[in-house]
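Quick one: the structure is below, and I'll ask about it shortly.
Chain IDs A, B, C and D follow the sequence of writing; residue 1 opens each chain.
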Amino acid sequence: MDAILLQVLNGLDKGSAYALIALGLTLIFGTLGVVNFAHGALFMIGAFCAVTFQKLLTLSYITIDETRTDFLGNPLEVKSPYVEGWFGPETGGAIIDWAVPLAILFSIPVMVAFGFVMERGLIKHFYKRPHADQILVTFGLAIVLQEIVKYFFGANPIPTPAPDAFRGSLDFGVLLGFDPNAIIYPYWRLIYFLFASFIIGAVFAFLQFTTFGMVVRAGMADRETVGLLGINIDKRFTLMFGLAAAVAGLAGVMYAPINSPNYHMGMDFLVLSFVVVVVGGMGSLPGAVAAGFLLGILESFASMNEIKSILPGIDQIIIYLVAIVILLTRPRGLLGRKGVMEE
Amino acid sequence: MGILEVKGVSKRFGGLKALDDVNITVKENTVHAIIGPNGAGKSTFLNCLVGKLIPDTGSVMFEGQSLLGVAPHKINQMGISRVFQTPEIFADLTVFENVLIPLFAKRDGSYRMHAFETVENEADIIALAEQMLIDVNMIDKRHAHSASLSRGDKRRLEMAMCLSQSPKLLLLDEPTAGMARADTNNTIDLLKEIRDKRDITMAIIEHDMHVVFSLAERITVMAQGTPLVEDTPDNIKGHPKVQEAYLGGH
Amino acid sequence: MTFLGLNERDTRFLLIVVALTMFTPFLLQPFAENSGLAQFNAGYPDLMQRFAIYGIFAIGFNILFGLTGYLSFGHAAFLGVGSYSAVWMFKLLSMNIIPAIILAVIVSGLFALLIGFISLRRTGIYFSILTLAFAQMSFNLAYSVLTPITNGETGLQLTLSDPRILDPESITNSLPSTSLFGLEMNDSAQWEVFGRVFTFSVGYYVCAVIAIIAFYISLRIFRSPFGLMLRAIKTNKTRMAYTGLNTRPYALAAFVISGMYAGLAGGLLASMDPLAGAERMQWTASGEVVLMTILGGAGTLMGPVLGAGFIKYFENIFSKINDNVLHGWFAFMPDGLEDALITLIHPFVGKGWHLTLGMLFMLVVIFLPGGLVELGQRIAGLFRRRKAEDRSDDGSKATTPAE
Amino acid sequence: MSKSNFTRRGVLKTSAVAGAGLAMPTFFTSMANAYTNEPSGDTVTLGFNVPQSGPYADEGADELRAYQLAVKHLNGEGDGGMLNTFSSKELQGNGILGKKVAFVTGDTQTKSDAARASAKSMIEKDGAIMITGGSSSGVAIAVQGLCQEAGVIFMAGLTHSNDTTGKDKKANGFRHFFNAYMSGAALAPVLEKMYGSDRKAYHLTADYTWGWTQEESIKAATEALGWETVNAVKTPLAATDFSSYIAPVLNSGADVLVLNHYGGNMVNSLTNAVQFGLRDKQVNGKNFEIVVPLYSRLMAQGAGENVKGIFGSTNWHWSLTDEGSKTFTQSFGKEYGRPPSQAAQTCYVQTLLYADAATRAGTFNPCGIAEALEGFEFDGLGNGPTLYRADDHQCFKDVLVVRGKENPESEFDLLEVVEVTPAAQVTYPPDHPMFAGGALGDCNPGA
């Protein structure tokens, strides 16, 4: 029982990452109809916003410590961050410690601007091109972005720890009356889950209750008619792209402490996020979110020893297996709209 | 005994009664039009004919065989061709290729897939396709990319594609919808020619009275999901129920 | 002039392809050995073989994607299955490549039949994801739990203890090489002339002949009524159904044919270099053939081959240009300029070859919507226009698509 | 029939014998060389095949730095590096056998297919006579197989799987790097000393051949101490988030977690494990501990703070104080401004060993070189006295047990050497069951 509960928790957490990435992707892919292979790269750039911000905060000046030597036998160069110099070691240290949460504020404008530029400069010209062309151009873009990041940050993962306050884990089991250590859960992952839920809720509310959301939803259904009403749908689609980029970026920023960001993390998530969106059903936001959580939880279950001992290797394929079963039993995924990307 | 017999067909969508006990018989070698105002249930009715929707009750028989739930390609193989509201043609291909496809598909009538064997009577098929284009007066456009055709030409092409398979029944769904007057008249002329020259049954779902009265031999007027009257065009013209349905319905 | 059931234009086209393929060892070796540009020569056996093999792969993929419009994102699985079958034949039966290639084609065909039968129940993106899912499952399993069959991470290789029942004399203390009735695949001859060394490899010519046959079959399919039906599926499935045709057997046939092409490519890869690695089945490999086809021009005959060559060229040639090579090129310049130029070029070559490739993807799709084939057409068009200007009597308008 | 497997460019041979099977016109020249890519000019070309894209690109870049440095030293440029400390004094800084050393580079992409393609192009196009490099066992074994078929020497880079010199060993392939068995043999005594002999271990293992051999080795070594293995769970290679594998560990009764992961897998699994607070927990009345049997500095860098106090083993570390290591670190550090990684050291040493063997053999013929390397004993290259064993082409030398440093002084100062396990303690008989099943075969000169 506790083992199952534990994996549900794990699944919710994995699922919130999947759902968040898929949410951004489905805004672009399921609704604007652009097959965006650069979405994983947006996620990666989000994570590197956290890295960059951390680097900015730890920009250091160098003092020479004559008493110690470096690997070449020269006097050791000691780096101390400017931030600590300005605010004193205590406050400065705390600011650096909180780099990742602070990076959220930094990343939103960066990602939205990035989304705007990407849509205006590139994607706009591809709305009416065949999907094949969209794949090629966005894949090319993804490679370029990835290589740029590699050029500046290297291929090695870069640690971006969560603030000290959120290290360690919460013993859920004790709260629920199980043995200590039966169900533990890291604080940062709880925060990730809550954060993801909040973002998902905010995006839904935004699209549901604002005029902007109404127009965009109408535009998704019938672009021409909305255009005839004298509403500038293009501008709103640009905003929408910015929104999607911001969602992907936020997913990335918050993910940075869970796994150290590296330049190809986007590609690792790319295929998975497409599977999630399609299993959720094309053009359905709730579908994408539901599929994200469903696949996350099933993946966690599949990694349980009890299940692996019966079906070896099931955790390797569970996501794809579930995708196949769902797509065969429900032609348009969980909640897909008819006629979207079926040609 | 008609070629197409629809008996007691009803269809509900949630609380809405789309079709209510529809009985229509289309006789062989006639042009039978089904008219009615918007929302009369014409489209639902058509979808029931082609297997796209399965009615809650009732039966649809073509030459004694049920059409309910039968896949479109099977319905076509039984001898029913369909002309769509917006012409459904192979837009990426040339006009000539468009006509070749149905002919290749049918060949000796078996509709078998041929992946590797050569088509035996290929020359015959090509000749037939050319004749078909001559019949619809499009032979000079045979190499044109069919996406570039005018709406009227697309309709002609679609008609040629349907007729090339010599169907027993031709279903037409608002064949002149969205057309300019000249194209509409052209299309009416073409349909008249087909009616007069070929042994063919046509069922036309239509909104435009002008088209219906110049073509049809029998007319069924539908309103609110049920047939009001069925009669010859002359009798329909002055029928009070029809007036009421068309004028009062809006 | 007609030939093998092709009309005049196609015959000419086929002959051009045959000529290009046969003279590849010359065409890819344009630079003299001692010139700095020799780095760009691609006329060595392994890369020429790869051009031919990935050309076959892309031609086959194009039969599915270019004609029917079904975008499979899992075609690498068939390539991988073909490779594994071929290597197993080398291990168990004989080093002759014929049985290996035959088994590769059959097994991948059956595999494609199974996956196609299930995946073709859906269209559009749903189809793509189904094929992707099957391929990823194959890859993940091949890398881990199927290791007894696939040798996992390392890849399936020949060992000294393999039985090879048909050629017992090959059991010695060193590994035999693959052959075609005694003609060894890694045999080659060289011809040195004008400072250039041209290499004629047995393996390449075997691949080339098979590639030409594969190309010819694809040409026939494109021109046949069957090919017409496939194109009809792509443009309008509704009309197709109301023409009395069930689209699924057609799509399935195309799927299986292209799966067999992939298996053939996989079998050939293993025949040229008897190793089958699981990475051949990963989604990136499936994505690569998609990119090759789109980059070259989907739906055209020659495009996918061009795309395949383009990507493989960058992977194998650009990745090898290191700073040392750059210094060699620009040594004649003044030091400051040399260093500046190298700093500028450095990110795009060597370990940065991905960056160049990514940028070229974008440039091609932005400026050449029809892919590389369109570039060829434009160049050809330019020449024709010149010619037409030179000879005013040449009134024929060139509308021949450079398929 | 004269055969030319893997030909090379730039060879001017007129004494051609046309292959009977090919019936070639006489103007075609065929190889009449004694071995593949016999150097004919005044240079000899080495092929450096390292990952330049993909997750190990940084490690590959460091390998490449080491190779370039080695080439410099061999050609008599720079400070000569470990040529000065090497026990064999054959190398004079005038290239190899009087030929200047040139090199070509390629990208393995850490895929066996791509690595083989890249190596083939070096052999066929550039006339490389030796291939070296790589950052994973899959690639090493694949390329080693290719070099065997092609008739060139393969000097493995970073490869830790037992199979490289076990069931997949080849006569033309040589490994300087240590292996999983040695990690186990070196770690076990230290683990016993630190954590006692009454421990319950839980393994998480990357689900591919290297992971399996390491799990097997560590299990065997720790069980011999009296440790109990509670569970060993395989994790998918593609996994990025290990939470669902780590969460059940605490409740399993285990008090040690062994992470048989490398590269990105290791960075993520260790980060996840620390996130779950495993190291703050008490199980069975003992502190919960984590062990990472194969360490590299780059991985430690990726995992950041999380490596502090965690034990593992490594092939070499720049903080070693023997003459060879000091000289190499100085030489590398002056050139590139950073200390070398263990992969860099292995690659540098492999290049020197190859050059030295060729010099001693007096030929570039792979069979001559192989003979010179087999059973070769040397010192002064950073790992103490070392033996290149003839039976399996594995180097036997000291293995380092390291621990993540608590207070690093710089970004490179992440590991501290806890113990240098002498070679004798990690030596195993050539027919050890973990290495059984393969045969070296005959050396192949290719012609």
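Please note the rule applied: contacts are C-beta pairs under 8 Å (C-beta built on N, C-alpha and C of every residue); 3 or more make two chains touch, one makes a residue touch a chain.
The shown structure was predicted, so the numbers you read here are calculated from the model rather than taken from an experiment.
**Student:** Counting hops between chains that touch, how far apart are chain C and chain D?
**Tutor:** Tracing touching chains, the least step count from chain C to chain D comes to 1.
**Student:** Can you name the chain whose C-alpha mean lies closest to the mean of all the C-alpha atoms?
**Tutor:** C
**Student:** Averaging only over C-alpha atoms, locate the centres of chain A and chain B and give their separation in whole Å.
**Tutor:** That pair's centroid distance is 51 Å.
**Student:** If you average the CA atoms of chain A and of chain C, how far apart do the two points sit, in angstrom?
**Tutor:** 35
**Student:** Roughly how many whole angstrom separate the Cα centroids of chain B and chain D?
**Tutor:** Whole-Å distance between the two chain centres: 74.
**Student:** Could you give the separation in Å between the centres of chain B and chain C, each centre being the mean of its C-alpha atoms?
**Tutor:** Going by mean C-alpha positions, chain B sits 46 Å from chain C.
**Student:** Which residue numbers or ranges of chain D touch two or more of the other chains?
**Tutor:** Residues 53, 57, 61, 207, 234, 236, 238 of chain D each touch two or more of the other chains.
**Student:** Where in chain B do residues touch two or more other chains at once?
**Tutor:** Nothing qualifies.
**Student:** Which positions in chain A touch two or more other chains at once?
**Tutor:** Correct list: 313, 316.
**Student:** Once the touch criterion is applied, which pairs of chains come out as touching?
**Tutor:** Those chain pairs satisfying the definition are A-C, A-D, B-C, C-D.
**Student:** Quick check: in the complex, which residue numbers of chain C touch chain A?
**Tutor:** Within the complex, chain C touches chain A at residues 65, 69, 71, 118, 121-126, 128-130, 132-134, 136-137, 140-141, 143-145, 237, 283-284, 287, 290-291, 294-295, 298, 347, 352, 354-355, 357-362, 364-366, 369.
**Student:** Given the complex with chain C, which residues does chain D contribute to the contact?
**Tutor:** Those residues of chain D that touch chain C are 3-7, 9-12, 18-19, 21-22, 24, 27-31, 52-53, 57, 60-61, 64, 68, 103-107, 111-114, 116-118, 120-122, 124-126, 136-138, 141-142, 145-146, 148-149, 163, 168, 207-210, 234, 236-238, 438-439, 441-442, 444.
**Student:** Touching chain C in the complex: which residues of chain B?
**Tutor:** It is residues 71-73, 76-77, 81-82, 84, 88-93, 97, 100-102, 104-106, 111, 113-116, 119, 122, 161, 165 of chain B that touch chain C.
**Student:** Would you tell me which residues of chain A are touching chain C in their complex?
**Tutor:** These residues of chain A touch chain C: 35, 122, 125, 129, 131-133, 135-137, 139-144, 146-148, 151, 267, 271, 274-275, 278-279, 282, 312-313, 316-317, 320-321, 323-324, 327-328, 331-333, 341-343.
**Student:** Any idea which chain C residues touch chain D in the complex?
**Tutor:** Listed in rising order, the residues of chain C that touch chain D are 33-34, 38, 41, 44-47, 50, 140, 143-145, 147, 151-155, 157-161, 172-175, 177, 182-184, 186-192, 197, 199-200, 202, 273, 275, 277, 279-280, 315-316, 319-320, 322, 324, 350-351, 353-354.
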